[in-house]
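Look at the two complexes coming up: chain A is in both, with chain B in one and chain C in the other.
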Partner chain A sequence: MMLRGYRAGDLELLSGTWLSGELLGLPLPNWPVLAEPATVGPPSDETSELCVAPGTGFVRYCDVDWVHRRARLEIGVRREAVDSAELLISAAVAYGFRTLSLRRVYGWVTPATHPPPYLCERAGLQREATIPSAVWFDGRPVPREIWAAVRRD
Partner chain B sequence: MTDLERLDPPAAAAALRATPDGARGFLGVDPVTQNDMAIAGELTRLGAHVFRRGQALLGFVPNSEQPRQATVATTSADPDLMTEFLTFLGSYQRCTSYVAMVPSGSAAESTFNGCGFHRTGTLRGHRYQTGQYQDVHVYFATVGDLCRS
Partner chain C sequence: MTSTVLRAPASRPATGAPAWSARACSDSDYDDVLAFFSEPDFFFRTAEPDTRSEWEIRKLVGADTRLLLADDEPAGLYALEGFGGEHGCHYQLHLRLRAAAPNAWWHSAFEEIVRALTWKKELVRLAVQVGEFDGRGLAFARSLGLTEEGTLASVVRHGGQRYGYVFFARIWALTS
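Presenting the complex of A and B:
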């Protein structure tokens, strides 16, 4: 799957019913009818890099640090393209390593959203840390995990 | 904790630069590779609050996803000072849990071990310092874990 840079016409890919800030934002079931969808803004400063996969979703590299060569990954997948999530996350990690020349990409995974566990592992990510009650979800604080992939070079 | 002096980002950047070595990795900033303007910009972007108490600097970043949690950092190796600061955050910020991200091998590790934090993970190669990639340890404590002396 190819990622390309964000253009103004891709705005509809930037919002959906996922938990914001999530490494792999899959559409959540039971999204409250009146709740606003989670949205990321168009790129505004140099600390983030926004890419899209047309028709599938967006990939955002936040807090990009060129000294430590790392970035936090955020992915949002469209409801109709959930089957392509595995390709998208692999493409995002590969783009971070090869095109942005990062050494480490990491992100938040919230077990309470029941993400399919194999998706992150197949893309080469590992669980590194767990932070209890790190995010408010479904009316209570739930733990969040940090998953990361490190390039060996 | 009456003698806690709040510093604005430019003053915090100057104070971090004046702290020998202990300030590397304080809330993720590094006075060796970043100039004062970059440090002040980074602290503003994070929404960090930095305080001075005597020679030591203490800081926290509220977790925007969960207002009862904060990431804390210190330049001092004194666990009592940290405990006092966490009590202050508990009263004035209503925090009930704290996270600390500490570069491995830094003096602050013993501080957090000494005041009731426990390690919940290690971020591999999270920082680049003095020619090599370093791990960062993640520490966590709830209000109930803190040692009260």
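Presenting the complex of A and C:
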């Protein structure tokens, strides 16, 4: 899957009905009609690296630590492109390792959103920790997991 | 009675190269500029052009950058950075043409840039740095006969590997 640089015309790819900050943000069912969609801002400085996959979604590395070469990964997948989620997360991890030269790629996974676990595993990510009551979701605090991939070469 | 119109001499070499012109990039040129950077080998001040965001492209294409037009059509970018003060006679050239531009255009664009630069001031050293991964840039610099001065190894990362920059230059004899 081709990732390319962000353009002003890609703005609609940056918002959707996924849990904010999620490693793999997939559109959630039962999203309250009056709830604002999750949104990330257009890239504007070197603390984050955002690419888009046209028609599919965005990939954002935030909190980039260029010294220790690690960053937190966020992905947003458009509702009409959920079938491409696996390709997108694989492309995102490869981009982090290959192009950004990161050693550690990590992100938040929230079990309460029922993410298909195999998607992260197939992209080479592993669960490292569970943080209790880490985020508010659907009327209650829920645990969140840290998933990561580490390059060992 | 016929009027005589003064024209600049046509800058069209016999090689079929286009008529070159250039201007500063205005807001209305940015669609063309962004299209240049969507090409994966448009290595203008970056080793990863097609994944750069719009804000970063605007930073790369600074006030010193000129849009090159071939027969009035946007064809690439160039920028000259001066070294060593006003009388240093030393410049570094950043030049990139879009992928569709034939190789002969690179040569004629380079010579036009040199002609313009030497029109008003003395030039002793014009340097060009090309990434080792940039086959097109290397072919251009070598076929143009620029002096290959050496490689500064492992300074840039591209496509998962580290590469050096190859330093090329053309040197003119000092006139005094």
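Details
The working rule: the second predicted complex is superposed on the first by the 153 of 153 C-alpha atoms of A that agree within 3 Å, B and C clash if a C-alpha of one lies under 4 Å from a C-alpha of the other, contacts with A are read in each partner's own complex, and residues count from 1 in each chain.
Assume contacts are C-beta pairs under 8 Å (C-beta built on N, C-alpha and C of every residue); 3 or more make two chains touch, one makes a residue touch a chain.
No experiment lies behind these values; they were computed from the predicted model shown.
Partners chain B and chain C, brought together by superposition on chain A, fit side by side with no clash.
A simple residue count on chain A separates chain B from chain C, and the partner touching more is B.
Once the two complexes are overlaid on the shared chain, A:V150 sits against chain B while remaining clear of chain C.
Once the two complexes are overlaid on the shared chain, A:G55 sits clear of chain B and of chain C alike.
Touch criterion met: A:H68 reaches chain B, while chain C stays clear of it. Of the two partner chains placed by the overlay, neither chain B nor chain C lies in contact with A:P116.
When both complexes are overlaid on chain A, the residue A:S101 reaches chain C alone and has no touch with chain B. Once chain A of one complex is fitted onto chain A of the other, the partner contacts of A:S44 are limited to chain C, with no touch recorded for chain B.
In the superposition on chain A, A:S133 contacts chain B only, with no contact to chain C. Vectors from the Cα centre of chain A to those of chain B and chain C enclose 100° in the overlay, to the nearest 10. After superposing both complexes on chain A, the closest C-alpha pair between chain B and chain C lies 20 Å apart. In the superposition on chain A, no chain A position is in contact with chain B in one complex as well as with chain C in the other. Across the complex, chain B meets chain A through its residues 30, 33, 45, 63, 65-66, 68-69, 96-97, 99, 120-128, 133, 138, 140, 142. Those residues of chain A that touch chain C in the shared complex are 3-8, 42-45, 50-51, 95, 97-99, 101. By the touch criterion stated above, chain A contacts chain B in their complex at residues 20-21, 47, 67-70, 103-104, 106, 127-136, 141, 146, 148, 150.
Every residue of chain C that touches chain A in the complex is listed here, in rising order: 34, 37-38, 48-57, 157, 159-160.
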